[in-house]
Amino acid sequence: MRPVILGAIGAGRIGKLHAENILRMPEVRLKIITDPFMDDGWARSWGLSTAPDPAAVFSDDEIEAVLIFSPSPLHAEQIIAAARAGKHIFCEKPIALDPGQIRRALKVVAGEGVKLQVGFNRRFDPDFRRVKQAVASGEIGQLYLIKITARDPAPPSTEYVRESGGMFLDMTVHDFDMVRYLSGSEVEEVYAAGTVLVDPAIGEAGDIDTAITTLRLKNGALAVIDNSRQAVYGYDQRIEAFGSKGSITAGNRTPTQTILTTTDGVVADKPLVFFLERYQESFRAEIEEFIRAVREDRETPVTGQDGLASTLIGIAANESLKKGEPVRIAE
Amino acid sequence: MRPVILGAIGAGRIGKLHAENILRMPEVRLKIITDPFMDDGWARSWGLSTAPDPAAVFSDDEIEAVLIFSPSPLHAEQIIAAARAGKHIFCEKPIALDPGQIRRALKVVAGEGVKLQVGFNRRFDPDFRRVKQAVASGEIGQLYLIKITARDPAPPSTEYVRESGGMFLDMTVHDFDMVRYLSGSEVEEVYAAGTVLVDPAIGEAGDIDTAITTLRLKNGALAVIDNSRQAVYGYDQRIEAFGSKGSITAGNRTPTQTILTTTDGVVADKPLVFFLERYQESFRAEIEEFIRAVREDRETPVTGQDGLASTLIGIAANESLKKGEPVRIAE
Amino acid sequence: MRPVILGAIGAGRIGKLHAENILRMPEVRLKIITDPFMDDGWARSWGLSTAPDPAAVFSDDEIEAVLIFSPSPLHAEQIIAAARAGKHIFCEKPIALDPGQIRRALKVVAGEGVKLQVGFNRRFDPDFRRVKQAVASGEIGQLYLIKITARDPAPPSTEYVRESGGMFLDMTVHDFDMVRYLSGSEVEEVYAAGTVLVDPAIGEAGDIDTAITTLRLKNGALAVIDNSRQAVYGYDQRIEAFGSKGSITAGNRTPTQTILTTTDGVVADKPLVFFLERYQESFRAEIEEFIRAVREDRETPVTGQDGLASTLIGIAANESLKKGEPVRIAE
Amino acid sequence: MRPVILGAIGAGRIGKLHAENILRMPEVRLKIITDPFMDDGWARSWGLSTAPDPAAVFSDDEIEAVLIFSPSPLHAEQIIAAARAGKHIFCEKPIALDPGQIRRALKVVAGEGVKLQVGFNRRFDPDFRRVKQAVASGEIGQLYLIKITARDPAPPSTEYVRESGGMFLDMTVHDFDMVRYLSGSEVEEVYAAGTVLVDPAIGEAGDIDTAITTLRLKNGALAVIDNSRQAVYGYDQRIEAFGSKGSITAGNRTPTQTILTTTDGVVADKPLVFFLERYQESFRAEIEEFIRAVREDRETPVTGQDGLASTLIGIAANESLKKGEPVRIAE
């Protein structure tokens, strides 16, 4: 196995998680991690070299690939800078909220001939991979229906809501990607029914917190996603794919498999609390696959085009919500 | 307990089921059952008196209440005849497919001052009653979302499809009633996305076989129903109600609680095959509650108005499907 | 189908349950039910003829078969009286606590050439029948192990405990029969570890309330039963059969299939409260099979010999408990 | 956090697993790993220093603690050598098969004042910890019963069987430790019913492959363990603790939470294949807790005495099997 040398940009919550995972991979070296507000104690305990500025990564000739974990508004420009420095790129989602900006970044990536992988980590979850396999292998026959439940344990701050691009671009965009991944089909039309039930402040910030989104796929199948910004019992992430030969469901993951039976009932664990716990395996696996793509010079498993496509569905969902009618997805 | 004397019209599959249930109830007498094509062997083994013509029921002064299990197109006129004979009425759903016809029948019922109960049996299912209780008692807090999965094991004949009024009036009408029952709210608007995936012959007969229907309720909550005419693994009937304090789900019922674990996997039973098995308890309970309403002179638990309301949602769903946009429910 | 005319002895809790079930069977007539302390209101509401004395059943030439639901100490003599009257017999378990008494009754039954079925109703439970089928058909391969959990929701009165013959003859005897039924093998040796943990009063009455019983079967397999007189969460009845090709388990039955998820956890229903609810289907099925055996002149599915065999295991378990060592079953 | 420097002895399957886990821990340094037959490619890819002889560990003054992953027959002498070198010790189970040898090693450990932790990793499994917590906190009230199912996916080679000390000392010893851990009580008496059903070659090697073991605990509770050397469907590891206020069960862990429903049934995943997969979290956690004990100078969570106690139960189980009667545990 050829060693791969990486540089990372951003050491916030998600950057730290990825960095610690990378340290556990054989034949991979995280040469440097940059952050203007570095947590030095953390970096020291893991023996990591740091710098405040991403330029330290772009200018290092030994670094073959860049991992972008910085705040979302910086993603597009950093992708462009990394591509121009001739480095392969892993970038957390979203590339940008504006399709024009995404297209500009993708154009530079294509022009420089570097690889780009977008952080739709859920594609690497073992449960959802099993669902994908059941669809792709024909185990459930011709696909009729995909159903996704995705509910957060608690709503974000209204400041976050205002910057997020709205629930469809911030939260449902993962589910749009999942529909495309599982079905292997593009989406043709979207109808979004959304409302504010969890917290009026979310409505005042111009967003919704509860939605049912119906998708018509190009392959003829239907999909439906239900989202909520608040499931008080935890992070609720379930998927069903239903077809001519049967159905496959992925249920929630729980801290333990124990069941307590008392006069109060038969009580199982609540779902894992939030995405860091729920998707810890997929966060590791997506980076492993990115490194494999770099090492073996193969295509990345989630492309820039995938990042763009889900954003376009989100934008159409926003428009459907506003108009109160189904909207076709832009090409 | 005051004895109650009944007459029944119709001894097909559903009429037989109801008649056998009634024989098992204390202080109830099924005096006569009519059918132009009576299965005499069956009637004899249960010791039942029979007649070919429903007039034998209407003209019998001893009979206090009439149970209508005849073919659907006869329901409205038999309701009118029974009401005019001064008898209380239990009628299998639907009263009629045409709202005008339903309204005419309900007018006669109201004018004669008799009781009418419509056969939305699923309201009496123990599992769905538990869901209703969790919503009504506030256990799950303010209602956000109702999700219903209702899939038949196999599609009906195309002859049946042609007469049925379409999937929304034939099949989904039960789910529309369930949304009204669970939420305690009327429906404001419906958007139906439907397609033909199971069998092109269903499309040629002018119907669909796969649908996702989104409902906006007057209380602000949302609901979504997914239907299919064919789930090869059995009769799939699941419900979830989700609110500010949590969620309650009703899963499928199975023949046994056994689990077989071999090299092939951990295998549980498939759902009960079809509605006669799945809803056997609710078929008995709805008649028991009807008899109680008659005996104790109380209101019936499912009124003619309930029959009308779900039909109006079904008609709006058909219109939404045709127009490709959401449709408001007629009052 | 030939009609069958029955007489019943005993209209206590279990007699009423059986009588109401019989009224729901086609081509069966319960001509009379006797009890010295008859609940007349109950008998009237179901239209049943009654008498105080069982002689009314034995002397009625029209009655073909007798159902004995009287207190246990009367069983053996009533079996003998019924057999001498030439009637087929269904008798609730136990025939008697004393093997000598059982053998005398069985001799008369054999001499008179009438059929006898003992009320080991659990053999007719759909879940346990599925387990039996998996063992008998070879689905789980060669049988290695049977595991039974049988826990009551609450201990009986100490008066009951004193008369009961002890936990092994009163409660575990059902599990001994289940081991014989599922394995198709006789039991060779038993080791019982028992103790008093639930209530010292049970110990003072000379009994135990908690036990683990290990059985060696003649076919080489092992079995283990754990019993408790008190599972505060309900009636806990679970079985596993494990073999060379896999394992089959039968879990508890619950009032509904609903699951409530809140901040408190993911809560399913507790098991059905006690044996009348849990085994309602098997109570009906065992009588149906008895009537079929009478009608079609076939052997009954649970014989007097089955009643004797489980009693002999129970007696050996009592001896093992006393001696603190394994004991071989008497032949 | 103070850094801790370790040396490891043994780089077989279990040594590699532990070594890779240690590399992922902050402020811990695995200075050297020894093995006479080192897999050099593996060591290189993780950047590990190696030596053939354990002396390299014992003689290194920088090394504070030794991890013994060598073949079992070497454990006792290596514990003694490490203790004499003044190093804290983590040792895979068993210390030895012979109680005399164990006691000699423990005496040296005590004399040198070093810490010793024995590798009963299952105590660190999150599911079993939850069971322990439910017992210890009184959630299930007074403990009545512990039930453990432990079945391997496939029997070991007969060579292994011959050296293993027999099923009770090799396999059930983990379950004996679990009973002690969960109950917080010593074991008083054991009765073992064992037999050869899986493979006659195991019998010829002087061992059994199927057993039910009943334990009487000093606190009055009972415990029962069922073992098999072959569950064809995978590694079956289940626990139940039952008490006066209820019951808690720990079920199997599976690769995914998906369920496939087709005409063949409702199919969930089989259990994880074997102990390396099933207990991967507990293998990591036991070392983390050992390092914490070293770093913070606290007692280790599994002591040498724990290693001895379970061996004594295993020896009594062997004797019970031979004699066919219950045997008291030696002190």
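Order of writing sets the chain letters: A, B, C and D. Residues in each chain are counted from 1.
As a convention for this text, a residue touches a chain if its C-beta (ideal position, glycine included) is under 8 Å from a C-beta of that chain, and two chains touch if they have at least 3 such contacts.
Keep in mind it's a predicted model, so treat the numbers as computed, not measured.
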Handout entry: Pair with more cross-chain C-beta pairs in contact, given A-C and A-D
Key = A-D
Handout entry: Of all other chains, the one whose Cα centre sits farthest from subunit D
Key = B
Completion exercise
Between subunit C and subunit D, the Cα-mean centres are separated in Å by 42
Practice task
Report, in whole Å, the distance between the mean C-alpha point of subunit A and the mean C-alpha point of subunit C.
Solution key: 58
Problem - subunit A-subunit D separation of Cα centroids, rounded to whole Å - result: 39
Exercise for the section: Would you pick out the residues of subunit B that each touch at least 2 other chains? Expected result: 232-233, 245-247, 260-263
Fill in the blank from the handout: Per the touch rule above, subunit B residues touching subunit D in the complex are 232-233, 254, 260-270
Problem - subunit A to subunit B touching residues, read off their complex - result: 141-142, 144-145, 147, 149, 151, 191, 193, 195, 197-198, 210-212, 214, 216, 220-222, 224, 226, 228, 230-233, 236, 242, 244-247, 324-326
Problem - In the complex with subunit B, residue positions of subunit C that touch it - result: 1, 20, 23-24, 26-27, 45-46, 126-127, 130-131, 134, 139-140, 245-253, 255-263
